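Labels A, B, C and D are assigned to the chains in the order they are written; within every chain, residues are numbered from 1.
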Amino acid sequence: MVGAVLGLTLGSFAALAQNVVKIGVPIGLSGANSVVAPSVVQAGQLAVAEINAHGGILGKHVELDVADDGSGADGAVKAFNSLIFQQNVNALITMETSAARNAGLPVVARGKVPFIYTSSYEGRSCSPYLFVDAWVPEQQVPPVIDYFQKEKAAKTFFLVGSDYAFGRGMLGFTRKYIEAHGGKVIGEEYLPMDASDWTPVLSKLRTANPDALVSSTAGGAPNVTLTKQLRASGIQVPFGNLGVDEGTAKAIGADAAGVYVSQSYLTSLDNPQNKAFIAGLQKMFGSEMKTPNDLSEPEYDGVYLYKAAVEKAGSLDTDKVLKALPTVSFTGARGPIQMNKQHHAPLTMYLGQVQQDGSVKVIQSFKNVDPGDQCPKLK
Amino acid sequence: MADAALQIEHLTSGYGEAMVLRDITLSLQQGEVLAVLGKNGMGKSTLLKTIMGFLPPHGGTIRIHGTPTTGLSPHRLAARSVAYSPQDQAIFQDLSVEENLRLGLRSDRGFAPALDRVAGFFPFLAKRRRQAAGTLSGGEQKMLIMARALLSRPRLMLVDEISEGLQPSVILRMAEVMRSELSGSQLSILLIEQNVQFALSVAQRYAVLTRGEIVDTGLIAQPGVEARIHDHLAV
Amino acid sequence: MSAPMRDAAPARLPSERFRLELGGIGALTLLGLALVAVGPLLLDRYSVNILIRSFLYGSIAVTVDILWGFTGVLSFGQSAFFAIGAYACGLAFSHLDFTPLVAVAALGGGVVVAGLVAALIAWLAFGTGVSPLYISVVTLVLSIVFVQVIYAGGDFTGSSSGLSGFDTFDLSNEAWFRIAGVALVLVTLLGWIFVRSDAGRLLVSIRENEQRCRYFGISTSWVKGALLVVSAVVAALAGYAYAAYTDVVAPDLGDFQFGTMLVIWVALGGRGTLIGPAIIAVLIDFVSAWLSGSLPFVWQLVVGAVFIVVIVIMPQGLGPALAGLVRRLLPRVSRIQPTAARLAEAPTYDIETHMQMGHAPAAVEITGVARSYGSLHVLEDISFTGRRGELVSLVGPNGAGKTTLIRCISDGQERTRGRIAIQGREVGRMPPERCVRLGLGRKFQTPNVFDALTVAESLRVSRSRLERLSPWRRADEIHLPEAAMQVARATGLVAQLGTTVRHLSHGAKQALELAMVLAMEPSVLLLDEPTAGLTKPERTLIGGILVDLVAKHGLCILLIEHDLEFVREISSRIIVLHQGRIVLDGSVEEVVTSELVRTIYTGEPQAIGEPAAAGPGSDG
Amino acid sequence: MTDLLLDILTTAGILFVVAVGLLIVFGVLKIINFAHGGFLTLGGYAALIVTELNWSPWLAAPVALVIGLLLGAAVERLIVRPLYSRPLDAILATWGLSIVVVQLITIGFGRSTQFVLSPVQGAVPLLGTSYSLYRLIMLIVALVLGGLIGVVMQGTRLGLAARAVIMNETLAQSLGINSELVRFATFSVGAGIATVAGALITPLLSIDPLMGLPWLLNAFMLVMVSGTSLISLAAASLVLGGAQVVVSTYSSPVLGALTIVVLAAVLLRIRPAGFARA
């Protein structure tokens, strides 16, 4: 908070920079997020290429600066430092693990740059510099639980997560939601974020024999190992995965079939923005294109939201941009997105089920779900 | 004239800075047994280790059957029909008797007849071939060492204190076996000993090693040799 | 204005050399401080930012070097101590309000926890009979355990996310830069003074030959343990600063890779050079951060490859290799003058003073001692008494148990049965360092010396129980008792005080070990073949000194010897061991004329009954 | 209960497969090969190559074996051989090698986590429950590998020479065994087994450049307590692996991850020689 006040008065260091707009993307190219990170980078690159093709931001060329944060806190400190103080970026727009985000926030406060966080997360991360254009538990969890309780008559639930802020935050909310709606949680297990052997958890799951399984694991790798090992173990149970995205589901292959997901973006969404988005990616990356997903599309939106804010502020000055950000809106593949005064965005959510080919079939949709009170102190 | 089985000239050797052997000159003719006698700590084992290539000599030359061997590694010397029986840790305790014997040959070919031959000397070997060598008694272990050395029909044997701690009957048996192997073959033996009687019963020549130097050498057939050697070894 | 007298290249005194070197390091220190002062003005923000961390890492690298490079204690777990300090900061500021009191308490807490954990590790790793490799294993385990404990801590420790965004000291980057920089300079300077002091030489002697140190009465476990605790505390302080500065703590800070990276930096910089590791740590971490954007993998690859090459080809490290190169290019610049302390007579110690107190107990009394390994009996029912002024020789063929007997006398853990008393005091189960304090001195068979120390330094270390070693300076005089002095003079060691022991002849090493043992002023001297590998004149000389020690100073000497001629010349009594038992205990005359001894030595075993099998199992 | 038993057995099997290459190198060469983790990772990537070439997943292990044998041979000549007399430096140098391996893999394949096809899918009914077929296969692999190494060591001339070098290298040399050659062959085979193990465990897990590290630590601890004996290693894998499964199942997986290293450290403190000759 001390830093915040100073930040508002001093303005941005980065604003002194050259005739380009630099956007930093600290992201987990290695570690837990490494499966999904390339698709996020591609979404960002597409947005930047499009913006540059149309004259840049305030007439300045836009550059994307990607740095690996190793999906962890320690790596994030290095990546944020490097981007903010070495590369002098004007803003950070990225999807990260909660650990990396938390670790990066103090650096952001010191460097005083806007930070648009494009990853769904456990919620309630608040900072004058931080804006979020992806979902929080209040938006994501209800579709899955409601569906299991109504359609699968599930009474007992087993929760599995990676042991980190996102995993614990999501499942903490899920447990409360289940218990508030008459269900019962009969097991809650966590593995370290980088663990890959789920055998003991699966043993407990088998013994507990719940009506439904809900998981919330880190980015890519733990999702894959959990799903594969669950299938290999022969345990049959309705499985809702709060942490899987479409690209990861594809990487898992047939083992993911039947898994329920709750997302704000799916490749199958039928609207012109989504078609243009996918076509743009295909044109730009060809065979190298990664499947866009719920963690990558918000990056695309985030870059455009930043552009809108800068243009509204008429300057790259951090103070002005931060003021403008909650007032601008952008219509992307997920529909119109506008972040609110509490720095979070109402979103349309979809309950889907993974098919044999890895695609996700939409089962139900929920319009403009509100994130609830995330940061009441921010005004 | 045939090359000597072993020809050592002006050999100096030791561990690091400590010179254990100084200016040793010795020769062992083909078909001959030379006994090197001396008390503990006089450099006898060091002599064998140097010949066998475990210790690099500081000076001097070693020739085996006319070929200089300085710088050759131990396994190469073994390949040249040199059989070495160290004093300590000379058997693989955890290997069976048969495995110990198999290691006496360079390959398993021809093992069966060779085993039959040495079992002729020491019949217990055939009976106990599956037993771990470490469970043999001290005397049996020494006989195993001797048998293993003879198995490959070596041309030069380097034998370190084979009689140590043995019963008289076993010592007699050892001497018999050595004599019978020597007769009519090209075998030569360098025998390191403290047991004077045993050494004299097998060897043709002797050398006394004291503090790393040869102080006396001669033919055993001479009269009064035993008394002379005892003088060297006495307190 | 008279020209000073010039001796023929006298060895420089340690204090002079120390002051000279201190001048050098002082200049370096000032340079370092100056750089730290102006750094923030010259460097860009990012570099300042990164260097703060690099400086803190440099400090830990220095502690790793003191532990490993100097003392031979290879710890992979310094990262864990660093992280303990960091988490003390992170946990306190996350869960309590940030107040000066909390800040100080957290610092104290971190230091205490790190110290206690280090003490526990030391207790585990430096106990008697524990393998020297165990410290590396257990510190490896420590770093793994630490990370898992943090994982298991849930919201309290932040698990794999770590803790961040807590309130912390409101200091500018420039201030942190100066704090970290000054800390690095200070840690290096203090470390440098310590390792070059007399006490610092003790570390090297532990690395070189821990057994010898213990037989000088030095509790090496305690020294190593204390060093580990201090290193842990320094690492924890660095960790605290790191957390307070970055505002983030994460489990990676304590993991095995970071612990290993520290070791790599030290190996690259040069083990046992302090400044090398400090510089390399800062350099590599700084360059890594700079290149992390553009060439991260290639840079790591280069570091790894260089590390392999350094380990294989120049194990002394890059720093010393470079220094060596410079020295070769400029041959005249840095000729190192030999340095050595002066020898001085110690106030005479005299066993007779004790003797005058009447009814003095026997020097060494051995009753019914036995030693067996499983079913193998190496010693059985050994009883005898050694009196003052007696030189007792232990003779017997190989494997008779002579060395085992010496070992049993000097280490209470060795024997299976029986009692041993030195000067009337029971040895019990005392480890060697405590047996030695009863007045025992033991010389080993092969010269057991400190190869990397000079002769003078070795003598000083051997005296450390009687004269405290200063941790911050070097004394010019070594006080030796007359006997040790006599050995040093007679064998020419006095002329070689500045020579590194590695370069001594075998005979000189034997003499040095004897002098070192005598420097401890023992009343009972155990000598295992002190003349092995010596020339005839050298043997005669040593023999004369031994006889003198017994006659003039009333020592009791137990001597193992193969050279019976030598034994005959110097012994007052001879004990003959054969197959683990005493077969004869008598005067020189009795033994020399004994038929029994003759048969033992010339191998007619029937004379002394049935010989036992050399190995376990029945005779066949 | 049956599940627990199967978990224990298959975990022990996997641990044995992963550690045995390290064990034989330690036995014959008396050095700890810290590049073992790097070799495991390399095996994982060999499996990845096989997957990307659309070859049968069954080919992953043989391909990994070839890579491991060749690499092991090169490493022994260039790095390990000069360090025989400096075992501690050998640990450090092989750790440096594993850094190099990891970085080379990163340059070649990127840092991201990747996956390979499993040669078999799903579970099979067994003893009244259904159990992961691949884990059962790993148990069989462990038994076959252990048996194979046992037969080679006990039944062949090469194995006899290797055992002779393990027990008493000096004596082996004086009996004409070229111990340098034995060391060379052993290191190469040890590396080969490590890469095969890496290829075999990947279908269960995921592949990334650092995947070998946790396995290296467990394997290292197992070898420290087992000494040089194959039987001890099997026992240690069963006891420590079993303890890990039990702790993970009944307490927490986080503590479970610690079980092997902590138990091994305690065992080594109490009995420095470890399980060997217990």
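What we mean here is this: contacts are C-beta pairs under 8 Å (C-beta built on N, C-alpha and C of every residue); 3 or more make two chains touch, one makes a residue touch a chain.
These figures come from a predicted structure and were not determined experimentally.
Trainee: Which chain maximises the distance between its CA centroid and that of subunit D?
Mentor: The most distant chain relative to subunit D turns out to be B.
Trainee: Based on mean C-alpha positions, which chain is nearest the centroid of every protein C-alpha shown?
Mentor: So the chain sitting closest to the middle is D.
Trainee: Take the average of all CA coordinates in subunit C, do the same for subunit D, and state the distance between these two points in whole angstrom.
Mentor: Their C-alpha centroids are separated by 35 Å.
Trainee: How many angstrom lie between the CA centroids of subunit A and subunit B, rounded to a whole number?
Mentor: Going by mean C-alpha positions, subunit A sits 79 Å from subunit B.
Trainee: Using Cα averages as centroids, what's the distance between subunit B and subunit C in whole Å?
Mentor: Chain centres of subunit B and subunit C, defined by C-alpha means, are spaced 42 Å apart.
Trainee: Out of subunit D, which residues touch more than one other chain, so two or more?
Mentor: 106, 254, 257
Trainee: Of all residues in subunit B, which are in touch with two or more distinct other chains?
Mentor: If we look for residues of subunit B contacting two or more partner chains, we find 93.
Trainee: What are the residues of subunit A that contact at least two other chains?
Mentor: Residue numbers touching two or more other chains: 68, 163, 190, 192.
Trainee: Just spell out which pairs of chains touch, all of them.
Mentor: Result for touching pairs of chains: A-C, A-D, B-C, B-D, C-D.
Trainee: Touching residues of subunit D toward subunit A in the complex: what are they?
Mentor: Interface residues on the subunit D side: 3-4, 7, 11, 106, 110-113, 115, 118, 121-124, 130-135, 204-206, 208-209, 211, 245, 248-249, 253-254, 256-257.
Trainee: So in the complex, the part of subunit B that touches subunit D is made up of which residues?
Mentor: For subunit B paired with subunit D, touching residues are 52, 54, 73-75, 78-79, 84, 86, 89-95, 99, 102-104, 106-108, 148.
Trainee: Please give the residue numbers of subunit A that touch subunit D in the complex, ascending.
Mentor: 29-32, 34-35, 37-38, 68, 163, 189-192, 195-197, 199-201, 203-204, 206-207, 220-221, 224-225, 228-229, 231-234, 251-252, 255
Trainee: Quick one: which bits of subunit D touch subunit C in the complex? Just the residue numbers, please.
Mentor: Counting only subunit D, the residues touching subunit C are 79, 82-83, 86, 88-89, 92-93, 95-97, 99-100, 102-104, 106-107, 213, 217, 220-221, 224, 252, 254-255, 257-258, 261-262, 264-265, 268-269, 272.
Trainee: In the complex of these two chains, what residues of subunit C are touching subunit B?
Mentor: Its residues touching subunit B are 397-399, 446, 504-506, 509, 529, 532-533, 536, 562-565, 567-568, 591-592, 597-598, 601-606, 610-620.
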